[in-house]
Amino acid sequence: MYTRESLIELIRQAKQERKLTWGEIAQHVGVPEIHCTAALLGQGTLQLHQAERAVELLGLPDEAAQMLTVPPYRGGVSMPPTDPVLYRLYEIILVYGPAFKEIVHEKFGDGIMSAIDFEMHVERESNPHGDRVRVIMSGKYLPYRTF
Amino acid sequence: MYTRESLIELIRQAKQERKLTWGEIAQHVGVPEIHCTAALLGQGTLQLHQAERAVELLGLPDEAAQMLTVPPYRGGVSMPPTDPVLYRLYEIILVYGPAFKEIVHEKFGDGIMSAIDFEMHVERESNPHGDRVRVIMSGKYLPYRTF
Amino acid sequence: MYTRESLIELIRQAKQERKLTWGEIAQHVGVPEIHCTAALLGQGTLQLHQAERAVELLGLPDEAAQMLTVPPYRGGVSMPPTDPVLYRLYEIILVYGPAFKEIVHEKFGDGIMSAIDFEMHVERESNPHGDRVRVIMSGKYLPYRTF
Amino acid sequence: MYTRESLIELIRQAKQERKLTWGEIAQHVGVPEIHCTAALLGQGTLQLHQAERAVELLGLPDEAAQMLTVPPYRGGVSMPPTDPVLYRLYEIILVYGPAFKEIVHEKFGDGIMSAIDFEMHVERESNPHGDRVRVIMSGKYLPYRTF
Amino acid sequence: MYTRESLIELIRQAKQERKLTWGEIAQHVGVPEIHCTAALLGQGTLQLHQAERAVELLGLPDEAAQMLTVPPYRGGVSMPPTDPVLYRLYEIILVYGPAFKEIVHEKFGDGIMSAIDFEMHVERESNPHGDRVRVIMSGKYLPYRTF
Amino acid sequence: MYTRESLIELIRQAKQERKLTWGEIAQHVGVPEIHCTAALLGQGTLQLHQAERAVELLGLPDEAAQMLTVPPYRGGVSMPPTDPVLYRLYEIILVYGPAFKEIVHEKFGDGIMSAIDFEMHVERESNPHGDRVRVIMSGKYLPYRTF
Amino acid sequence: MYTRESLIELIRQAKQERKLTWGEIAQHVGVPEIHCTAALLGQGTLQLHQAERAVELLGLPDEAAQMLTVPPYRGGVSMPPTDPVLYRLYEIILVYGPAFKEIVHEKFGDGIMSAIDFEMHVERESNPHGDRVRVIMSGKYLPYRTF
Amino acid sequence: MYTRESLIELIRQAKQERKLTWGEIAQHVGVPEIHCTAALLGQGTLQLHQAERAVELLGLPDEAAQMLTVPPYRGGVSMPPTDPVLYRLYEIILVYGPAFKEIVHEKFGDGIMSAIDFEMHVERESNPHGDRVRVIMSGKYLPYRTF
Amino acid sequence: MYTRESLIELIRQAKQERKLTWGEIAQHVGVPEIHCTAALLGQGTLQLHQAERAVELLGLPDEAAQMLTVPPYRGGVSMPPTDPVLYRLYEIILVYGPAFKEIVHEKFGDGIMSAIDFEMHVERESNPHGDRVRVIMSGKYLPYRTF
Amino acid sequence: MYTRESLIELIRQAKQERKLTWGEIAQHVGVPEIHCTAALLGQGTLQLHQAERAVELLGLPDEAAQMLTVPPYRGGVSMPPTDPVLYRLYEIILVYGPAFKEIVHEKFGDGIMSAIDFEMHVERESNPHGDRVRVIMSGKYLPYRTF
């Protein structure tokens, strides 16, 4: 019986041995890249038929499919992040957070952008001055309960 | 002579008295909403001609324009954020951060998305199941120095 | 022009001078006790007509009504709470949190109880062995986005 | 001889192998769901006859029953919780904590809701706008000692 | 109208001017020393007739009596305490805490010593090798809820 | 050769197998309950003849006696304590600490209660309203050095 | 009436205006330099006759003498210290702490060096390779209570 | 090949088996007690000829001598220290730190006591009122760079 | 009499009114830019004749010169820094720190680079791919004390 | 299959066995010392042909070359650093950080020194008063995005 940690380790090894990218795995599984990768890194779940496709592609043991449908204890980054890729996201909150809050309230009212009914995509944007990372987030607006 | 804090307070009051939205101010100043708001909240700078337009619209004292061009000590959110609007962004790092890092490296190589040569936009997305907050970030890809 | 802090202080004083309870204020305003009290303590908003009723009852200045409709920066407890009333809630997370997570997933799937589309009530429950505090929370179940 | 950690691991595996839910285990043991689950996750105790029923159902070694009656070192969540299910409870304290304290004192006096003489239940509430998680807590009111 | 902080400051000054000890005040008020002192330092409440006696003895303004009956936000020590008098209590938990937990469970079962239904006394104990501080605590045993 | 941790584990197992209480062990060893338990949990030392009695009663290997006389690195509780039994002691410092400091200075002068030349006892106190945990601490008064 | 903070500020100013060194003040007061300075900076007490000499030398108001005999809330450095003079002491604990503990136990047994019955001196030591700071600490050895 | 941790463990065991004190080892090695002990506990280095003497006395494997000359990652105490022996040093900084800083600047100017060109000794001082721990530190005075 | 904080504020204002750069001030004072700026921001000292030149250029009150020679309590950045300019320095330690330590030991032995006998310069380096910030640090090598 | 940690351990051992310095390895690999060392310590990447040269020199298994090209999770120092070599860098930020920020903005405008497009060198500087550590950093200036 695998623990979540050992399953993740297994996935990483299988991916490396079969020379697969996260993008290829995601396409095979049929789930957007970030979400599929998050699930395989223990930060989300797949539906059973999706998990089975991942298991098949990566050659994982059968019980792995079931395990990938079980909600994990989320939270895979120690804060503040020491890695520069992740720290820059953290810095964006530090610097643009207060303005973000103002604009959300101005455009929507007293509520939030959901991080649960939420989608995220990362794209490579060509640019003559140097390519850019383009991140698109889309989260449902949730208004505070009124009475 | 104003401190940065008192200038920000002055801006908030002028905005409220003149019943202006951040969106209207940004349009008048000619800078994207989040960036203009961040600058007026002490988390960024405006160019002088932009600052002068903000000063005029908000009826601020003349010296304010100069002050808005001075780089501030950035970082306007205490971490982890207690406000739910900002916490959800923080949670997105906790949950999708590891996958984001993998995908950035897969699509670009060993480098990061800049938070300096960076743009951010927030839009309201109509949706029959409930409108959505759409956040677009675009940061220059910066590869680690190679030799 | 009032800051949020000075408005809250004003509300506390008016409440004390007029010998009103939070319960009486909430009834007059027409919003459940905890939610009305949270809004008046700077942790939530009222709708304008509700805010006007609070302003009238407490004899606050007219502009206060408008201010009570503006989303605040939420988060009014420093953690871990040093006050025993609040610490016990914190302890409940420490002790029953892991079981709560299991049961939510078992009854609903991979998702959470919303703290935004959320209601909370506190009642006094008579009991021959000593009265009890009864807390009822009701939050919308939000499933994680599937693909 | 088992450590607490290895006993918990054993319980999780037995539950999975026998395809039991926490709800079914709790019903067999005769203890409310959250409380039974907390005890089996090392955050509480069962009485001996209850523990024996759990041991029987899960096919645990005999000595496990005795171990489940020994008070554990409680506290199974690292704070602030990174998992969204638990963080929302934490956020409820941040946002509604100050109002909760006011209302408890108004309804009861200078005292607290016990987290020891305490019960908690989680229910699924049907709702046309989306089902809701309903949490009921009942803790004895404990007045501060007077003289 | 006084804030709690200004009331405490007033009490300290009145005590100093009238050359009263906490012991004398407590005797006049009719409440054990530590508890009376805690209440006057904003960490507890007095009953109204007790508060009136404190007000009279210290020559405080009339409204102070009412204020001393209002439950405060408790927690008057920043942790870990830097003052050696308080740090030694903290160290006692560090060193004797695990043994204390074992003995409480052995003598009582799965439960705790209440810090609410609780009394504490400090006495000077004569001793030829140097006098000793004797602290007596008495808290109600609260068993965990069983089912 | 045993590490301290493995010796403590051995002691816990021997105690459980021989169905001994900490009280019985302490009585056999001739040291007060809390102090004997603390020593056996790696938070104190025994004198050699006492350690030998513990070794004999628990059937430990011979070298254990010597090890129990070696001063450990003290500090066996992570702070703030998550376990309710220990947290209540911590809360007592938060709430009664400032008053305790005042009273110690009033009764003794500028000095502290020693946590080294220190004794602690826990007793069960019968009470018709529910039994009580009675804790007695006695620490030598240490005056600050004067010149 | 002075608060401790305002008294300390007054002392600093008087010292500067009268061009006195801490060494001169200490000699006049008759207390070792570090101890006299600590007391005047709110980290210790003087005896009344010593305090009166300090008051006279510095031209402080009469009531200051009494205030300097009142035990303060000790702890005047935020940790870890950011100032290099103090950080080096902190670093000495980090680096030599474990060896210090071993040697104290080897030379004395299971006990500690008191920080209460304690003296500390700082001297300038001439040295051809550059003068040295010489710190002498002397604290009473306190053995743990044995039974 | 040994890691530093395993080498330290080996040294502790060899010391215990050969019934050597740190003092005896230091004398044999020819390095002051605290410094020799620190080096053997992984907080410093020995010169090769000194390391060889330690290896010989303790019967360590040959390669250990080389390893003891390699600069370690220093810092062997988690802060604040929970062990009372070390905490008292920490408390000395809290209480006497501000005075220490004043006196160093008064006697030397704007600079610090080095913790690198530094020596430390611990002695037992006989005293009719109870023996004392005497700590002598000597660090080179380092003036801030002037221009 | 000025506090350090009010003196720094005065310097900032005088600099702005007289439209001086830190570079110009440093040149007039005769101290390298970073060091002169650090001293005027309360993180270092000037020699008296240098301070007098700064006072004259900025039109500060006479007593300011004396104050600028008094060693401050150093440490003007809260860590981790939230401002991106400073965070990048912090990140350099996170990423290159371990390699830096290895190279220092390889080139010098067991010792450190002094941060006291230390100089730092920042220059603008022209570069066709975008100008670069060039930082040069020079600190005396301090070997650990050997015996 | 190696984890990053085991690969680093392998590299350290190979370096020690073959008696190579980081400087020699860096020269062979053709990458500046600090950068090559950082990469081999898991804080950076090498290009494949460079990694192959490192593998060959150190006699590592073939797959190691590929692993050394994979971006690691950066951040190899726990903060604040306890080791004096690294702490001094940290202290430089504490003391010279605010001046550094002023000078960068004065010389360049509103932007930062990149820690990604970044080079760092450490040199030994001969000096009659004692050799010095010379650190040269060169990072691209990144201006904040303007509109």
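Each chain gets a letter, A, B, C, D, E, F, G, H, I and J, in the order it is written, and its residues are counted from 1.
By our rule, a contact is a pair of C-beta atoms (placed from the backbone, for glycine too) under 8 Å apart; a residue touches a chain by one contact, two chains touch by 3 or more.
All of these numbers come straight from a predicted model, not from anything done at the bench.
Under the contact definition stated at the top, the chains bordering both subunit C and subunit D are A, B, E, F.
Hopping across touching chains, the smallest step count from subunit B to subunit I is 1.
Using mean Cα coordinates as chain centres, the one most removed from subunit B is F. Taking the mean Cα position of each chain as its centre, I sits at the greatest distance from subunit D.
For the pair subunit F and subunit G, the distance between C-alpha centroids works out to 32 Å. Mean C-alpha position of subunit G lies 23 Å from that of subunit H. Here the spacing of subunit D and subunit J, counted between their Cα centres, is 48 Å.
In this assembly, the C-alpha centroid of subunit A lies 30 Å from the C-alpha centroid of subunit D. The residues of subunit A that reach two or more other chains are 35, 44, 73-75, 80-85, 91, 94-95, 101, 105, 112, 114-116, 118, listed in rising order. Here the touching chains pair up as A-B, A-C, A-D, A-I, A-J, B-C, B-D, B-I, B-J, C-D, C-E, C-F, D-E, D-F, E-F, E-G, E-H, F-G, F-H, G-H, G-I, G-J, H-I, H-J, I-J.
Contacts from subunit J toward subunit G in the complex involve residues 80, 82, 84, 87, 91, 94-95. Contact residues of subunit E toward subunit F in the complex are 21-23, 33-35, 37-38, 41, 43-44, 74-77, 79-81, 83-86, 88-108, 112-115, 118, 120, 122-125, 127, 129-141.
Across the complex, subunit A meets subunit D through its residues 1, 73-75, 115-116.
The touching residues of subunit D, counted against subunit A in their complex, run 13, 16, 81-84.
Taken in their complex, subunit B has these residues touching subunit J: 30-32, 35, 44-45, 47, 50, 69-71, 73, 101, 105, 109-112, 114, 116-119, 142-147.
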